[in-house]
Amino acid sequence: MDKRITPAKAAAMVKDGASVMVGGFLCCGTPDLVIDALAESDVKDLTLYTNDTGFVDRGVGKLVVKKKFRRIFASHIGTNKETGRQMMEGETEVNLVPQGTLAEQIRAGGFGLGGFLTPTGVGTEVEKGKQVMEINGKKYLLELPVRADFALIFADRADENGNLVFRGALRNFNPVMAAAADVTIAEVREIVPVGALDPNDVIIPGALVNYIVEAKTNG
Amino acid sequence: MDKQQTQEFIAKRVARELKDGDIVNLGIGLPTLVANFVPENKKVFFQSENGFIGLGPTPEAGKEDPDIVNAGGACVTILPGGAFFDSATSFGIIRGGHVNVTVLGALQVDEKANIANYMIPGKMIPGMGGAMDLLSGAKMVIVAMEHTAKGNPKLMRQCSLPLTAVGAVDLIITEMGVIELKPEGFVLLEYNPEYTVEEIQAATDAPLHLSPNLKKMEV
Amino acid sequence: MDKRITPAKAAAMVKDGASVMVGGFLCCGTPDLVIDALAESDVKDLTLYTNDTGFVDRGVGKLVVKKKFRRIFASHIGTNKETGRQMMEGETEVNLVPQGTLAEQIRAGGFGLGGFLTPTGVGTEVEKGKQVMEINGKKYLLELPVRADFALIFADRADENGNLVFRGALRNFNPVMAAAADVTIAEVREIVPVGALDPNDVIIPGALVNYIVEAKTNG
Amino acid sequence: MDKQQTQEFIAKRVARELKDGDIVNLGIGLPTLVANFVPENKKVFFQSENGFIGLGPTPEAGKEDPDIVNAGGACVTILPGGAFFDSATSFGIIRGGHVNVTVLGALQVDEKANIANYMIPGKMIPGMGGAMDLLSGAKMVIVAMEHTAKGNPKLMRQCSLPLTAVGAVDLIITEMGVIELKPEGFVLLEYNPEYTVEEIQAATDAPLHLSPNLKKMEV
């Protein structure tokens, strides 16, 4: 039941064609060591679910530059010109999803819901191909759940059970992604013994976390 | 007014719309400046859609905390009495109408209160980020922008760019005036006395209805 | 902006025919002082949303005994015989809702969703009158959002902004209810000054809380 | 065996089904006893649907914490490495398939794997609580109950009581045997040698198919 693995072992689990969710918001709360290990691997044709594609030299953006993705679902790609270039030139399929809808789709995927109705995107290009339902006179889009083979997330600390605690704005998409993948790998700054975390402070229960990568350096 | 003065003028006028106790989300760019002009006697809570309420000023150099960043990825602070949360909760708060005011920029707004601000097909596709959710969820939507772009009107009879939201805009504040969206279209509530009403109309694609209480714009 | 009120003032806001959500799970995390004040008031014909109806002499069950409710939505009424009696004898309309569905309906109501699809209850009496939708070959029920005029919730502590922190199993339905009512009244053991709570520990942001009742005794 | 011995016998056999690392939800009554019989060499995490993982034993007299109660309202403890959460998260975890095993009692189970356990029309209507969500979400559903009620069969051709879930049951463990639900119906995997197979069949309303690997029940 030891959940600790190295970044290299985490990356080695991800096979060609897999779908991955990557936590973080403009590189805040992103699993950098796991991303670096993936960048060094030969893996390709991945599908990515993430809030944004970071920067060309930071966060998940490094993997975009390495052309690891066949498809990307994100709410914002404006900070990484390479994503836009690949999209424009047809090299990568890029799907823009409203941020709240993406977060809720991932939550629905992790929490066993078959979909949800949101007013976001009604009357816009986001509506295309989706069922519009009217509830109490207001229009909503039926949005479907999203799951992935892997969730690559980040937290401040973990205990050995995989319980995760956060600080500041690190949470963002990490908690919803934790539940929505077949295999969830959490990179953390430090792993502490069972009992060292207050159960009131845990944001992601260890039950949702399969593996932990510790980023603590010898510094 | 130079560009900076114009932007500050607009931001100052927007700040007057905020009420004591309001939860406010400010978009990137011009809207961010609004925080600098909230009067001392009003307590306004700024929400950062990446995951907190209580957004404070930029930290002093050397005191940045990389875990506390705003939705533009810049280091900020959290004020006493603030709270952190994840993206699903953040957009639940937004979509659920718990944000009193959102202030956003726009590429175009039309007289049906439609807004376009997330892409120019074939040119610029940054993505909608949280804008679609904010537009559908916030109780009041204020568009804060310069009245024209390179001399071309941005207040249109009909948006030509892909819409970010339908019928969502309540108020537009530019360097030329304050325009309310009503069933009849654009209603000029206030004008900047540096311009004549005719000049403002000339800079606007759609007809401007004059409010019976039309007055001079004060900041 | 002072959010403090007395239990009597809280109770006085609730008028005949109002809908109320009451937090708690078998009386753990229930606003007892507000319930007692309501029990003493003349209010009647209320609609109740709650996990369970407590006991005849504890929690929201006291209000059932006083026949304050015209309609009750709950997942479990077995610990309060009076609820069952009123239901059997047709004195009160009692609607049984699966616990997870009720929590999610309230979350949807608070977070601006028009509904959600859940597999819970497919093929049972819970399905009656509901739309069944098939997504990827699996059947789901379309469940609609729930909101109320008042949410009467409980937390361990609040700061003066209304930020709430919890301990143990006190949370249960309280966080989702906080967002789902026009007026949210939180009873807490103690109110602390702004700045005394760590923003990382806040479970319900003060933005969702209109009033606070302090239960601290002089003991 | 007296009633208590019978219940303990069933609970012991259920405990053998649990695997190291499992997240397990135990219903009220007989299922609760299962926690007492988990072998030392297996680490099992008990989930309490009112809001935590890491349910521990009953506290010593005088050390009860009224904020830490189980789904039956009884004072319990949380083990080191546990985590608290709210009802929406709790049922998200349940519905999303993150609970490996749920153990529940039943009034009736039929050979289509349907289960009835929340009401007897006109007599007893406690409500479904979290049972419908657990039945639709848990990866494995074990019904732990006495084989008959006052001599009447509970393993039916078709449930006559209102269903709690359709096609949900994987395994039934009674004092007479272990019965798996298969497309062909009830398959007897193990029998308690205190009974003959004929006696077990006589106590069962539907036909019992005998497993090719039928063996004696060990606890």
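Structure notes:
The letters A, B, C and D name the chains in turn, as written, and every chain counts its residues from 1.
The rule is short, and it goes like this: a contact is a pair of C-beta atoms (placed from the backbone, for glycine too) under 8 Å apart; a residue touches a chain by one contact, two chains touch by 3 or more.
The shown structure was predicted, so the numbers you read here are calculated from the model rather than taken from an experiment.
Counting hops only between chains that touch, chain A reaches chain C in a minimum of 1. One inter-chain figure worth recording: chain C and chain D are separated by 29 Å, centre to centre, where each centre is the mean of the chain's CA atoms. Centres computed as Cα averages put chain A at a distance of 35 Å from chain D. Residues of chain B in contact with two or more other chains: 52, 78, 84-85, 91-92, 94-95, 136-137. Each of residues 104, 107, 112-113, 118-119, 166-168, 200 in chain C touches at least two other chains. Taken as a graph of touching chains, this assembly fits none of the simple shapes: it is neither a line, a ring, a star nor a complete graph.
Of all possible chain pairs, those that touch are A-B, A-C, A-D, B-C, C-D.
Chain C makes touch with chain B in their complex at residues 1, 107, 110-113, 159-161, 163, 179-180, 194-195, 197, 199-200, 202, 205-208. Interface of chain C with chain A (complex): residues 104, 108, 112-119, 133, 135-136, 138, 140, 144, 166-168, 200-201. Within the complex, the chain D residues that touch chain A are 20-21, 23, 43, 45, 47, 52-54, 78, 80-85, 91-98, 136-137.
Taken in their complex, chain D has these residues touching chain C: 48-52, 65-69, 71-73, 78, 84-88, 90-92, 94-95, 114, 118-119, 122, 125-133, 136-137, 162-167. Taken together, the chain C residues at the contact with chain D in this complex read 25-29, 51-52, 74-79, 84, 87-88, 96, 98-101, 103-104, 106-107, 118-126, 156, 166-176, 203.
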